[in-house]
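I'd like to ask you about the structure that follows.
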Amino acid sequence: MRLITSLVALTSLYTAVLAADNGLAVTPQMGWNTWNHFGCDISEDTILSAASALVANNLTQFGYEYVIMDDCWHAPSRDNQTGAPVADPAKFPNGIKDLSDKIHAMGLKFGIYSDAGTYTCGGRFGSLGHEQIDAQTYAEWGVDYLKYDNCYNEGLSGTPQISHERYANMSQALNATGRPILFSMCNWGEDGPWNFAQNIANSWRISGDIMDNFDRFDDRCPCTSVIDCKLPGFHCAMSRIIDFAAPVGQKAGPGHWNDLDMLEIGNGGMTFDEYVTHFSMWSILKSPLILGNDITNMTNETLAIITNEAVIAINQDAAGSPANRMWKRSASEGGDLSLWAGSLVNNTFVFALLNTSPAEQTVGVDLADVFFDQGKSYQTQAYEVFDLWQKDGAGSWGKSIGIIQGGMNVTIGV
Amino acid sequence: MRLITSLVALTSLYTAVLAADNGLAVTPQMGWNTWNHFGCDISEDTILSAASALVANNLTQFGYEYVIMDDCWHAPSRDNQTGAPVADPAKFPNGIKDLSDKIHAMGLKFGIYSDAGTYTCGGRFGSLGHEQIDAQTYAEWGVDYLKYDNCYNEGLSGTPQISHERYANMSQALNATGRPILFSMCNWGEDGPWNFAQNIANSWRISGDIMDNFDRFDDRCPCTSVIDCKLPGFHCAMSRIIDFAAPVGQKAGPGHWNDLDMLEIGNGGMTFDEYVTHFSMWSILKSPLILGNDITNMTNETLAIITNEAVIAINQDAAGSPANRMWKRSASEGGDLSLWAGSLVNNTFVFALLNTSPAEQTVGVDLADVFFDQGKSYQTQAYEVFDLWQKDGAGSWGKSIGIIQGGMNVTIGV
Amino acid sequence: MRLITSLVALTSLYTAVLAADNGLAVTPQMGWNTWNHFGCDISEDTILSAASALVANNLTQFGYEYVIMDDCWHAPSRDNQTGAPVADPAKFPNGIKDLSDKIHAMGLKFGIYSDAGTYTCGGRFGSLGHEQIDAQTYAEWGVDYLKYDNCYNEGLSGTPQISHERYANMSQALNATGRPILFSMCNWGEDGPWNFAQNIANSWRISGDIMDNFDRFDDRCPCTSVIDCKLPGFHCAMSRIIDFAAPVGQKAGPGHWNDLDMLEIGNGGMTFDEYVTHFSMWSILKSPLILGNDITNMTNETLAIITNEAVIAINQDAAGSPANRMWKRSASEGGDLSLWAGSLVNNTFVFALLNTSPAEQTVGVDLADVFFDQGKSYQTQAYEVFDLWQKDGAGSWGKSIGIIQGGMNVTIGV
Amino acid sequence: MRLITSLVALTSLYTAVLAADNGLAVTPQMGWNTWNHFGCDISEDTILSAASALVANNLTQFGYEYVIMDDCWHAPSRDNQTGAPVADPAKFPNGIKDLSDKIHAMGLKFGIYSDAGTYTCGGRFGSLGHEQIDAQTYAEWGVDYLKYDNCYNEGLSGTPQISHERYANMSQALNATGRPILFSMCNWGEDGPWNFAQNIANSWRISGDIMDNFDRFDDRCPCTSVIDCKLPGFHCAMSRIIDFAAPVGQKAGPGHWNDLDMLEIGNGGMTFDEYVTHFSMWSILKSPLILGNDITNMTNETLAIITNEAVIAINQDAAGSPANRMWKRSASEGGDLSLWAGSLVNNTFVFALLNTSPAEQTVGVDLADVFFDQGKSYQTQAYEVFDLWQKDGAGSWGKSIGIIQGGMNVTIGV
């Protein structure tokens, strides 16, 4: 995908707003998470440095607000007396409450990680059977966000009913604290959270973990679809996750989003153009935008991508309607071409072309496809088109590239 | 599909009559529903106008009798005191009982919509856990029909047992009211209602929602079969639903029907010939025939299709035996050809040819295929053939086109 | 399949004997059932006439012993007072006990039919929730055999655990009567009875109902495998059931058999050679051999097939080891060729070649394939081969056709 | 696979150590088991002879320590009074405790077999519902290892929850004895033990039983993947199990291993080179290495393979990280080529090429593939390569074959 455009038109939108009962994530959450870059090697310093960098780089002005501490913050065991979770005193000498206060003092929000199993994926104590004490402790610590993983779940999966109950337990425990805590469910799409989690989670992961790679197949992410996938795994290439997302976009909306996993932009496994595709597609599919790079040490290219305000605006558009794949065609050189289109507020629209073939492609875009959902009257109108990856004369992303009617040709590089 | 014919022969039929314990839908229900055309934008006026149009257009004489108010009739919440459902007082200033009385006064029956979940698909209050009070209120309102949807079901799916229990709860609540209320189950085919719902429902949807389109693939309707489909979705093209229906016709019969979803005829997304195919195939597959267009404003073409008394007679035939697909063949131009055949009462039969290719096709119809189920003696007889989409000399649908033996050639346009 | 041979060799066999706790079906049961020919149209006379014909045709000497009354023997409802099952007094004016006594007096055994659901497939009262009273009544009636069907099961399927419990309830009720009653489970392979029913049933159906046809695909039998098939259906062509049986032969043995469904031999839908294939394959796969034709009115050809004592001997061989498919190859004309081989007692073996292509085929049979399971020493020996569909000089089936070593060529007609 | 090499590099590894709560199998268990060679034909003598041969052949020095008595050690029934398991007094005249003592006296450990069902696969009494008495008795007998099979499980499968509960019952019973007993779970991969058994078992079988054959397809092992396989069966060719293992390696680690089934080396069904492949792949995939041949009567070739200390060292490497398949390509002659790579401690690595085609292949190995997981800095370094199936000058396995950078060509024979 090398182009993303925005079209003006004449309709209005209806979207139901249903979610976990906390009023959060009316648009997809934005922030930063320790895992993709630092893995288990985290500490108070790692997190505060990143928080400072968020502010210093003005990322807060673009909407990035959650600083999320992923796995491995834990002491070897819970408190012997109370059963409450305890943080690693070496990594967090001042405790989590102090860390949370400092982050709040920077105008940011603070997220934590746990797991709906006996252990976390990194082998720390999990929350299964400890939902109340953990939620209560998080609330006391000032936590604003919980990423809740799926390792070591004692076989508690296999039907939507079983998976729902396990995650609903934590959702209800969080709500019972009285503190609004965004619930980011991470069961890797098992049993179809898009079908059952709208009322209990603000977002749900749809697949195994992302790999910082454009399209390489990896046996560790073996399913060809996330529908009824029994081994989500990890090492899922970025464009495979886009394929995975195509059928489930219909199930997301304000307060309940498909999470395509944290961003890899800036981690080095893809080219600039591939990261542009990554950010663009996560945006129009209304995935949470959670940075996963070392934001204390970014190139200008990385910063440019993650601060494209026009692309972010689409992600945060109030209509909350993920783009749909209107067609997908095999390219003769291998890989695929696909057209994605979505509706925004105020009669504007977005479309994107994705090229996963190894060759440059020139593709005819037919407005009958872009506006298939809107019907014939939309398909024949004239539209002003903006390329969201070119800057306009005032230096803002989103340059007008002319008026089109009927369709246009688009060339997409490799 | 451009031709539908009826043949005379010499057999009798046996069909078990089992259904929800209410004596309804001995033949597939017929009527009109608000959703396909009006969506959430409904009111007392919308519904009464449609009811009046049903009568004014003489549609009642063709069997259309249910006027069904789909989603979004609800007040923001249930009655605080009693927990009973409440209608939106702005949309329904005279209440639902008054609306129901007026519809009954026109000689029509009145249907309502709810959902076996926490919320309806449009985000209104659902009936899960409120089955008794809701069924009782519907009965008090004079409701004759309940369409019962599947959104926000709290993960209560995954095995036939789980899905059955959720829908049986409402079925039993309806029966307990003492009022005969047709139970139109809409769980989109999850867990195979054709296997488990014969005793609890008068009809069950088999797929995701229909799209007003002949055959376009849409990622939002991703399954290639409805057997064990884990994401029924919506935007299912009309001819894809016909494919979906092929294996499950065997499970339907008097009192318990496969519901291929409401009709799109007159909504503008297909050509006249495509709508003829739509109506013909819904008819021979014994789907409920629920109009989904604006019947206050119809073209003559639309009216002609939905009032073809010969096609309706096949749908309402007392044998209640859905047609079967006798063969399906790929066309060289893409798409498929298929032959469908079914048994009617009084030793008459129906067959249809369906062409989803982009080219006109001339197909040899072998009576050995049409009468495969009936055996050799039937395969060699002579039959008078009637084309149900031509009018006879008296102006009635169903013109005799001659006597055939062995087989005939049929040309099917695009 | 046009050839079936028997080879002499030098090994012994071990087979575990586990089954429902009744000591029955040490070899696959043999008999006759009303359904395939008479359907619902049965009476005392139908059944006694068939029993008399079994005796008159000397079929008892070949092992056919069970006379099984399938669906539709029922009165409209159970006994009001006791809840016990009641037979249709018009069809069975002397009652079932009397019928059973008469059948026993002929030296035969008597079987009955019911269903693990609310209704039988023909719409009569089912046994779900009535297991004790029904089993007790059957025992009082002198019943020796129960075929137990799967219609209208109220959604009680979806995991092996759910299906097992439903069928185990009847199995235990039968055992509790103290009368040995062969339990013929008929859940069409749902949830894999080959995995869970060895201890509760003497046989279990593996697929939807057979169709009297060699190989026609029918949408009503839609699954391509019986492993995890969610819609077994019916109208399964004979050779499709053979395909279905290939992977599950490993799970059968003395007392617990795969049931490939009742025989169609003599019902007219296949040629003589096709019925020879049908009987041969059912035999070597150790299916119960339950006749399904009108045995009061048989051709000599039909009688010749069902009384081939050499083929029956393989079915009834004490080793109880179903043949395995050693290879399957596509034929250039369409259809497949396959080689099947099985072990018998006393170091004898059987192999069969199956040709589902429309052309005559000459196939090289390599003893390395036939004796793949037995190992190299067996593969290089010399064997005397008997063609079980030719008669020897004394008029018995099974003519020696010479000594082979290494392999042989076999020609199989259409 | 005809080559296996080891590379030196510069990284470190993180692996979570989680397992059944017994501290065992920190590296994959090694030993010998009666089944593959002796089947049910076992006795005290069989086992003691094998134990003596383990010692006499110095196999203990290579890590082989468990002597495991598989199925058929049982008396016809449990003790009437206590319900405790009883051994066959004819086969084990001195009892199991005595046998265990003798094995311990040789410096070995003793393993036993049972089944999480009503019967064992060989038809002996199973442990389902007898977990406490059985575990207690095993502990009293001095048992160090339990292989726990899956036959006749009364339908207790179908969701991870159901299967987990059945196996967790025995796991907890073993732990409750206070004796460390390695728990080798053998449910053939049903319901995905790689997803649910890490906390309850030290290893879990992933597939149906192995067949002593390189790559023959057999209908008795019908699934094309072990993910959601509903009929694991047996007669699974060695290289099919390797394919099965590819996606699930990610789930294994110290204390919880994927078990690819017992070794067939020395049983005669494969060539020397094929057995080299077998041992190499089991090693790098971190399968338990349990010999299955008659170790009292081995060829020098067999002994040479199973005592390759370099290959064993990879299996027992402390990192405990199974190799991953980096790519798989179809060969033009049929079969596949694949590249596997894994990380070891001390910045060393292993890779292997597997050739299942019938022709010799020369394959370019690109270090960008070998070190895909490690990243670019690793991909461009120089490495010393050791061929683990050649001996160095001192007579030890693992000859240096030079320094490579970027990649190398490898020729793999048939």
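Letters are used for the chains, namely A, B, C and D, taken in the order the chains are written, and counting of residues starts over at 1 for each.
The rule we apply is simple: a contact is a pair of C-beta atoms (placed from the backbone, for glycine too) under 8 Å apart; a residue touches a chain by one contact, two chains touch by 3 or more.
None of the values given here were measured: they were computed from a predicted structure.
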item	value
Chain C against chain B, contact positions shared by both copies (same if over half, else different)	different
Centre-of-Cα separation between chain D and chain B, whole angstrom	56
Chain centre separation in whole Å, for chain B relative to chain A (CA means)	39
Where chain D touches two or more other chains, by residue	158-159, 162
Overall pattern in which the protein chains touch one another (line/ring/star/complete/other)	ring
Partner chain A, residues of chain B touching it in the complex	39-40, 118-119, 121-123, 152-159, 162, 216, 218-220, 222-223, 230-231, 233-234, 268
Of chain D, residues touching chain A in the complex	14, 16-18, 158-165, 168, 191-192, 194-196, 198-199, 225, 227-228, 246-250, 324-325, 328, 372, 375-376
